[in-house]
């Protein structure tokens, strides 16, 4: 039944997470969206409701990405190193474990993890962030191997490039205005998440990358 | 215009290649399908025509996969090593170069390469096949970097598992009958190729894997 | 001067760590060896002293590998997930940071991280251990990029196979007795660590793997 | 017996190959060195003889690296694509197969393949060279898996950076003079090859990278 169809987005910000929630909502899914500050979800909730979708906002202690972005550039203290791990790997672990508890008895479900370039590469000054993202990827890989035979699809999407957000617009104007489609459009990412969710189990993807056409890699 | 929409499938056998041609054909694309022996394309051509699609069959010297499959298991002589490379990397190079010649002046196009587990791993007894497949992946990666800024999307799909074909049915019956969706369904693969082709250029995938839910990896 | 030559081994157990300390000690280095329980270092200290080497034992809260080994196989609770991360990534981070504080002002030094198969692969049931090991590898990679231009060599050794220890002997007798050199000899590993330390900076290794000749991979 | 100890270097140019031959020769090995033009081996032969070593020069059709370097930068025609593959993968295959024929009956031996950044990455304009190098790596990996249990050690060294040669000196003077040890010293590479050859079989390396301390990666 339709009420069984729920899409939970941890960290449903103004960009990727929000777009994913809207995309699934348009297909009849109830969107459960979380953000540290529930007030910041108002706009998204209104948008989904206006399109006729069902949405339930929750405040949760998963911290938003901007904070992480600020943190991992700083000279890394042990407090920061731990905090970044908690925001990335530990938050991912807790969420995934709870999701698995619901999905395994049902014998179905999809879990999609969002990775970054740092999931695969430990760059200069990125030891904390890359450590957390590497750990998330290991978690996703372990869970994919454990849960696939139970009909639960776990995938990891490596997003390699800047995403179209207010923050990028404000802080990297030259990049933001580098030409058409030069940065990742959240709706285009959301479409890929939707397709992953719809993949038939004879042919499931564990990992794929996404980057803008003009991105150098 | 519609007549511009052409999908060329090199090696359109009874499984993946044929399914991809049918999938694109159903979206209004004219399917150009090649196989070493043009006679073997009769069935596919009839199927597409019956569904109302347009299709043009060609005989070409790209050899079929079964031959490769037979070859790479044998004690590898230098003749075989060269032949496997010609069937995989060199055939891929020639095709991709010709495709690029058409796509670059048009300023658009999609090239999808089909990889295998051997694209990433040189297993025992697989030096020739893995060498060819590694080279194809290098080619795809180089071309993706060269052509993406010219609006041409190049991607590489790593197919990790047995595909539902007559050959698998006949030779690996226990695997073929291992339960629902235990081997890759060509139509499910074709759907993914279609989605890759439709990706928006703000978020292009270079590489993704596909395997059945019960596959061990 | 000779008294500047110090080799610090975090987790100097009876196998690899101990062998590394002995190897460096034979070249005139003072071995500083740590283990959670200082008493367990008695044997190693006596051995090095007997060979005429200098050694300083310390108790430290880096937990021994056996504990980790036991933990990561269990159904992973959040407490265990966190603990495994602390024993692997966080302990590695703290140690490396302190080492960097000493090495950077001196303008020289070598840091060698010991990885495992789980550094590169998230296997079934290994989400916690693989997460920690992936994070250590990201840390090592970031630090290698940061510190190499300051004349500090950071490397990561992926050990793929069972190491010759009492624990393997007791718990995996068939593996232990699988024939000559079928499991990793700590002295042979130690030799490689010594060679890494002696590499000339025109040709530094970041990563290398080690496995027994009969190991399947 | 000493006369059994032979080190064959395919492509013993003035830099890495020559240094490897000298290094093994100093340990009592007879150096068998090949180059397309036997005359160009004169200097190396004299050097080894002067140090009291035994050396046998041979002309062979393995083309020198400079030619490859020139080729892979050009607009790649099918003739060039094939030629680069012949110089890299096919030459590697033929040599390795012949070496295996000698080593397998003896039950011992070491084969060391020299890789490059292009072994792991298909960069822009490098489709031919990266294809060949990827194929060599696949070959080395397959052979390592096949031959290790027969006591033959196969390894692959990824050299990431410019090597100290006359050609680099003449064509990239700013890089050549970038400071002490900023480019790879052939003798330092040779030492690593010697160490790989001497590794005990309880702990064999398949792959390792080498780059100068100031190299960006």
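Every chain is named by a letter (A, B, C and D) in the order it is written, and numbering of its residues begins at 1.
Just so we're on the same page, contacts are C-beta pairs under 8 Å (C-beta built on N, C-alpha and C of every residue); 3 or more make two chains touch, one makes a residue touch a chain.
This structure is a prediction, so every number in the text was calculated from the model and none was measured.
Colleague: If you apply the touch rule, which chains end up adjacent to both chain C and chain D?
Modeller: Joint contacts: the list comes back empty.
Colleague: Tell me, which chains sit next to both chain A and chain C?
Modeller: Under the touch definition, chain A and chain C have no mutual neighbours whatsoever.
Colleague: Centre to centre, by mean C-alpha position, how many angstrom separate chain A and chain B?
Modeller: Result: the chain centres lie 30 Å from each other.
Colleague: Quick check: how many Å separate the C-alpha centres of chain A and chain D?
Modeller: Centre-to-centre distance between chain A and chain D: 44 Å.
Colleague: Roughly how far is chain B from chain D, centre to centre by C-alpha average, rounded to an integer in Å?
Modeller: 34
Colleague: Mark out which residues of chain B touch at least two other chains, giving numbers and ranges.
Modeller: Only 145 qualify.
Colleague: Quick one: which chain pairs are touching?
Modeller: According to the stated criterion, the contacting chain pairs are A-B, A-C, B-D, C-D.
Colleague: Note which residues of chain B are touching chain D in the complex, please.
Modeller: 76, 78, 81-82, 85, 89-90, 93-94, 97, 118, 121-127, 130-143, 145-146
Colleague: In the complex of these two chains, what residues of chain C are touching chain D?
Modeller: 145, 148-149, 151, 153, 164, 181-185, 188-189, 191-192, 195, 199-217
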